[in-house]
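Per-chain residue numbering starts at 1, and chain names A, B, C and D are given in the order in which the chains are listed.
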Amino acid sequence: MDQLISANLVDLCAVLMLLTSVMAVATTRMKPLITLFSLQSVFLAAEAFIVAYTSGESHIYIMCALTLVLKVVVMPRMLLYIMGKIHVDKEVDLSIGIPGSLLASGFMIFVSYYIAEPLISTMETVERSCLAISLSIILIGLLMMCTRRKAITETIGLLMMENGLFLGAIALSHGMPLIVEIAAFFDVMVAVIIIGIFANRINKSFNSVDTSFLRRLKE
Amino acid sequence: MNADILVLVAAMVASSLLCIAVRNRKAVSTVMPACSLLLLALCLNLCVPVLGGEVVDDGVFWMDPLSAVFMLLVAFVGFVASLYSRAYIGLEAEEGVVSRRENGVYYSLLIVFISVMMLTFTVRSMAVVWLGIGATTLVSTFLVGFYSRDESTEAAWKYIILCSVGITIALFGLTLVYASTVGVIDSDHALDWPALMEHASELDPNMMRMAMVLIIVGFGTKVGFFPMHTWLPDAHSQAPSPISGLLSAVLLNCAMYGILRFYGVSEVLDPGFASTIMLVFGFLSLGAAAFFIITSRDLKRMLAYSSIENMGLIAIGFGIGTPVAIAAALLQMTAHSVTKPILFFSAGNVIQSYGTREMSRIRGVSRSMPFTAAALAVGTLAIVGCPPFSVFVGELSLMLGALDSGMAWAVALTVALLAIVFAGMARNVFPMLSGEPPEYARDLRGFSRTAPLVILIVATLALGLFMAESVSDWIGNAASSVTGVFP
Amino acid sequence: MVGTGDIGLDSVYLIILFAPAAIGMLCGLCGRSGRLPGILCAVSCVAGILCFPFHTFSPGLSYELPVGSYLGAYAVSFDQLGSIFISVSSVVFLMVMTHMSHSGHGYTPRYSGMCCALFLAVTLCMCADSAILLLLAWEAVSMVTFLMARTDGNESARWRFLAVTHIGGLVLMAVYGYMWAATGSGYLHDWQGVGGIVGPTASVIMVLLLFIGFGTKLGTVPFHAWMPDMYAASPTHTTVLLTTVCSNAAVLMLFRAVYAYVGADGMTDAGMVLVVLSAVTALWGAMESMIQTEPKRILAYSSMENMALVTLCLSLGLVFSPSSPSLTALVILAGLLHALNHSVFKSLMLLTVDSVEDVTGERQIDRLGGLAKVLPALSAVAFVGVASLAAIPPMNGFISEWLMLQSLIGTDAIASDLRVAMPLLVAMMGVCGMIVATSYARLFGFMFLGRPRSKGASEPRPLRKGSIGPVAVLAGMCVAMGMLSYPLMDALSEGACAVAGIDASYRDGLSGSLEPLTLGIMIFGTIAVVLVASRLFSRGRTETDIWGCGGTLDERMQYSSEGFSQPLVRVFHPFYGDTSGIEGGRYRTRFQEPFVKYIYIPLGSILLRTSLQVKRLQTGNIQTYLGYILATLVVALMAVRLL
Amino acid sequence: MIVVEVLQAVLLIALAPLMSGIVSKLKAGMQNRPGAGVLQPYRDLYKLCRKGRAVSGSCSWIFHAVPVVCMASMLILAAMTPFVYTGVLAPYGGLVTVVYMFTMYRFAMVLGGLEGGSTFGGMGSSREMMMSVLIEPALLLGIATLAVLSGAGTDMGDISEAIATMGVAAVGPALILAACSFMITLLAENARIPFDNPTTHLELTMVHEAMILEYSGKELAMMEYSSMLRMTVFMAMLGSLFLPWGISCTGEPVSLVVSLVLALAKMLVIAFAMALVESVLCKSRLFKVPNLLTVSFALSLIAMISLYIL
């Protein structure tokens, strides 16, 4: 593959990831949301594969494999399992409506591009536009966490943030040293487990995983 | 490989295993403080030469005076908190609030928590530091949500979500730092802090700027900077009191350590950038905390806000950015770490005795539990910066640092806000001491209840009143290693 | 311990001065006896009294502790001014301790230990040579007096005190920190002329802040709000120590900071501002003291007035400084001397009030009366006290007020804008002096004169043995410091001029002559002559009832204290903001301090309201919290991008 | 010159009842009454001294000390005031001390009023203090005006001498205004109409009389005498400080004689003025008094400021 094609493919994957993010923001049902997340992870793996192939850095392959295993297979299943176990509604509650969320995510994308612009101009790697996209995905993930009321959707938001982060990591720096990546994955895993446990406990104590009920501790 | 560190790591692993292995309720509550005392001793053995300027530098590990200061604080407060846990959790176990299994889990988690925090400061790569900070969150989540009450679950939930978001943001910052080192540092050592420092001026400045914002906001969430502080009062108020003390006194420092390392790099590359951000967050935190404190109702929440206030002060010190101010900030941090547990532990005593955290319902502490009342009063006066306690020296040297660099306005603002903090703390704490105690309030005594408080009070007094030349040199060394590879 | 000067005697003196009090403090904390710390404190006090003699014998005493703090060493040094202050304060301290040991309060070991700590703190304030020691000692003074003020039902007052003084302490920390940073030295003797380093604007601000910072302790408006309650509700001995020795320390530190460190150059305008502030404080203190009904409150406001006169003098010195060194020396002397005099007569009055409270069990002057008949000795010393307070010759209070008026009238000699303001200041002094005289006449009259207004006053317990002794000594000092004031004035002025770097004699600033000794002898002589002469006309004497227009008067038909001050309250009605009305069948006049009403209460409610608003940020909703993080991130990134 | 100084003090002390008698006589004359003789006060005092005392059982030593202190303070004041000669027997502390001696007198008298334990004593004391609060600034300012005008410090003899030697040059707005102010002060201080009525015994209007109500016999005599002496001293001060021309500065016999004659003439003029005021005006309400005193204060303030402005 020549340079141009690979650059285009990288951009394509990144854009697809962003697209899944935006779609996730607009999704009101739980299962499609999880599907979107695994789809995004697939694109992330693809991106990793392309970068690994182009740059010839073998450790990115490991990353690619990890992503496929953990984020495409394990994580969605685990989320579905938790969902089944604690009987979450199929509906996703939004605190601001879909148009509002979409507008906000559009704003986030704009902000990301604006912020990343001076950085991109000095960069020489092919994956320049990935910085802006990964920042957008992070911000949109955070936005999702702000607008979703259910504990599970918050988790998905966090995981999508992580995806954006890895997009940035892979694209910008051809993957950080492997140890970091593995560690990060590990951390995410543990986080998800804990979140799962707590979501369970929250369910027990509050009869719903709607986190907006968790409002006892305030001033 | 440095033998001392290896011994320390081995001791950590061994004590963690031991604490997990011991099943007996009484035994584990003795073994665990003993283990943390051992860790403290080993840590002293390791850190004292480092503080004097002998940098540990081999493969995975890297310790300079800055990390030694942080590590010593963790070991010290960790020990005191373990000792206090004996009394605190012991009583809960006796009363049946805490089951035998939970009791074992508590001590195992506690020693792991302490160990992870200590390990965070020994490593060379900032990526691993990040990992350590992340791991502390995970471990401590269980401690925060230790009680299976609704509120505890809620607090733990908020804690883990917000802190995970925070460290994710910080990791993105790290990624950008890594990206900015491309072509400058060999990629295997790109995030090694000594290498970063060495090549600081060659990094991509634009990238570093953005990275610094992400890192300060990200780790700042865990430090408790306003407005990312929101998890902090919940977690501190819901955790068992020894854990609250530990969270406030050293966990926040861990995240601060993460910021500091990059702060140093950024200040070399781009002087005045990171420090300005720190200054802004410092004043935001100090100001917001001051107003939160005035009308607090919950004792431990108020103490949590006071932690935010102190983190703000420390950030202001780094924000000023001169060596004097950085040393002052480190001193203030040390002072806070030594002083804040006094408050949380004595608050723990009060809460166990009165069965409430509502300050308006706690009256007559000085009658019902004189020692605790004295400790609470001393702790309050110490934390708001009354002499002769260490926070006073910290705050004064902070002011000196600010004045030294011509920032009289910062001093004026700080003084005004500190006055509000004082008024707020005094308004809330001191009425609790006076008045007529309710009948159900009882005095709680015991060695492991008293000893930690005495140790901490002596420590804060000693730091405030007398400081041997060598100790001030240590702080000076630590300060100079913030902005430069030492030596 | 090794002294930096010659080893032997200096070290011995320092040990005798500090060690007993330090040991006493520890004994008080750990021990069970209140007597031992008291005795140890008395030993230190005696050593303190000898401070000035020792200084004349061996000047330049200084010492530095081998272990320092993070912020520098602990060093002390004694100069002439400081040692005079220490000596006089120690006398007062000793008398208070003696009185305490003979009073019926049953003070705990803790309290005696606190006294030791206070002695240490105050003495260190006066002789500290390193900034850190000074600040520590100064805060320790607040802290210890705060602890010593503990009584039932006094909580809000003492917390208010602590809050206000702590805020003052913070201000001082900032100012001293500034000087510290400017000179780069933690030793106070290096701070000479720091005003020149920091520039005129900073100097002016520093001087203003110094007056505010110490003003919180001295009760400058509007920082006096804690005073009356604190004075009234604390144990009397705490009040005495707080208002005398602590104020002395504050005055001395203020004087040193303003005149020695910052310097009085270019301070004319700041001086004028402070003059006005002090004058307002003095007037307000005098006016408020006249309407109080508790002896200790009357004396609290009187302290405020007296300390305002001291700060008035010190700020006048700033105004005079550029044009006339001798007038500056005079006015400074007047201020410092007044501080010392005040500590003597105020402790005398407060101790008397304590005895009165003790024997009668009454705390309202409206329930006292007629004590002069049953307690003639106490009434005699109290008379000396009020005479001093009211500046009646030849008492010591008269001498310092005379000096003040002399310096004001002498203003004419200098061509400055102050000349036009001078008449107003003279008038202020006049009004103030007469109002406080009214207030003291009222205090004395309602406590000791007339007929008893309650059972406690009509059948008082006998006075405790030995409690009259210290009061009598203080009364003697009032007379002695009045009649023999010249040696004291010379020594004090010499010390003050040395500190302030003034090269002039205060005597050149005097526009009239005063011979207190001759005047005193003449007054006492004339009284004696008149007394003897009146004996010659000794005719018969019949016991009668008081003339009651034909009926008999019961003791409630005497003038009430409220009525006594009523005419002046009516005259000054706009300032008092009093409200009158019928309450529970009695006509009452209610006063609320305008400063509390218009400054403190609104300020407090603003803070509280802001706090409640800020607290709404903590919604308890995690989505909001995540929103904060998102917003912060976006704002921070945008800010960095834009800037 | 000590002899002259002593004689001058003795003269003042001896003349006090006479001045009081003269004022009463002049007043009576203006009111078309024959009035008592000018020597009547001497006779009154003598009579009182010979009488026994009626003392309330509740009175303490203060009650008996007050007349002594009052009288002593006034005697000292008499020794401090220049009358015919600028040198004085007791020049200690100058005018400021004089003011404080007046305070001493007033303070003692107020305590005496309170000591009586009756309703009237307290009332009189209270009113007296109210007036003195308002008098004091005017008095002090008057003195300050003199000190500044003469440039001779605050010693009374020096001021008198300085103004006398300045001659007509001294007569300016400052001096005139200050003199007017001092005249008002004199009336107020000495319990004259319109501030107080020295002869009233109507309870509601009493000020000075109320305070000495409980005294009788020799103590009343001492109180009465001190108040006469106070008036005389005030008159002498007005004469020798504000109108000092003719006063003997050297102490030579001829100048002394001239000075004595002039001084007595001045006293008579002042007495006449007082009698005139007392006959023309009536006693004003207590709460109107502050207005009058404020006028006095304003006069002396203007006097003082005019020194700097004009």
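Points to keep in mind about this one:
By definition in this document, a residue touches a chain if its C-beta (ideal position, glycine included) is under 8 Å from a C-beta of that chain, and two chains touch if they have at least 3 such contacts.
From a predicted model like this one, the values you see are computed outputs, not experimental measurements.
The interface holding more C-beta pairs in contact, when A-C is weighed against C-D, is C-D. Central chain (C-alpha centroid nearest the global protein C-alpha centroid): C. Set against the Cα centre of subunit D, the chain with the most distant centre is A. Subunit A and subunit C have Cα centroids separated by 69 Å. One simple way to say how far apart two chains are is to compare their mean CA positions; for subunit C and subunit D this gives 36 Å. Computed centre separation for the pair subunit B/subunit C is 43 angstrom, with centres defined by C-alpha atoms. Inter-chain spacing, taken between the CA centroids of subunit A and subunit B, is 31 Å. In subunit C, 615, 618, 622, 624, 626, 629, 633, 637, 640 are the positions where the chain touches two or more neighbouring chains simultaneously. Counting partners per residue, subunit D has no residue that reaches two or more other chains. Looking at subunit B, residues 157-158, 161, 165, 169, 210, 233, 292, 295 sit in touch with two or more other chains. Residues of subunit A that touch subunit C in their complex: 95, 108, 111, 114-115, 117-118, 139, 142-143, 145-149, 154, 211-212, 214-219. Taken in their complex, subunit B has these residues touching subunit A: 125, 127-128, 130-131, 134-135, 138, 141-142, 145, 148, 150-151, 153-158, 160-161, 164-165, 167-169, 171-172, 174-176, 178-179, 182, 187-188, 190-191, 204, 206-207, 210, 233-234, 237-238, 292, 295-296, 301.
Residues of subunit C touching subunit B in their complex: 67-71, 132, 135-136, 139-140, 143, 155, 159, 162-163, 166-167, 170-171, 173-174, 177-178, 180-182, 202, 607-608, 610-612, 614-615, 617-618, 622, 624-626, 628-629, 631-633, 636-637, 640. Per the touch definition, subunit A reaches subunit B in the complex via residues 115-116, 118-119, 122, 134-135, 138, 142, 145, 151, 154, 158, 161-162, 164-165, 168-169, 172-173, 176-177, 179-180, 183-184, 187, 190-191, 194-195, 198, 201-202, 205-206, 211, 214, 216-217, 219. Here subunit D touches subunit C in the complex through residues 49-62, 67-69, 71-73, 75-76, 79, 90-97, 100-101, 103-104, 106-107, 110-111, 114-119, 121-123, 125-127, 129-130, 132-141, 143-144, 147-148, 151, 153-155, 203, 213-214, 217-219, 221-222, 286-287, 290, 297, 301, 304-305, 308-309, going by the rule given at the top.
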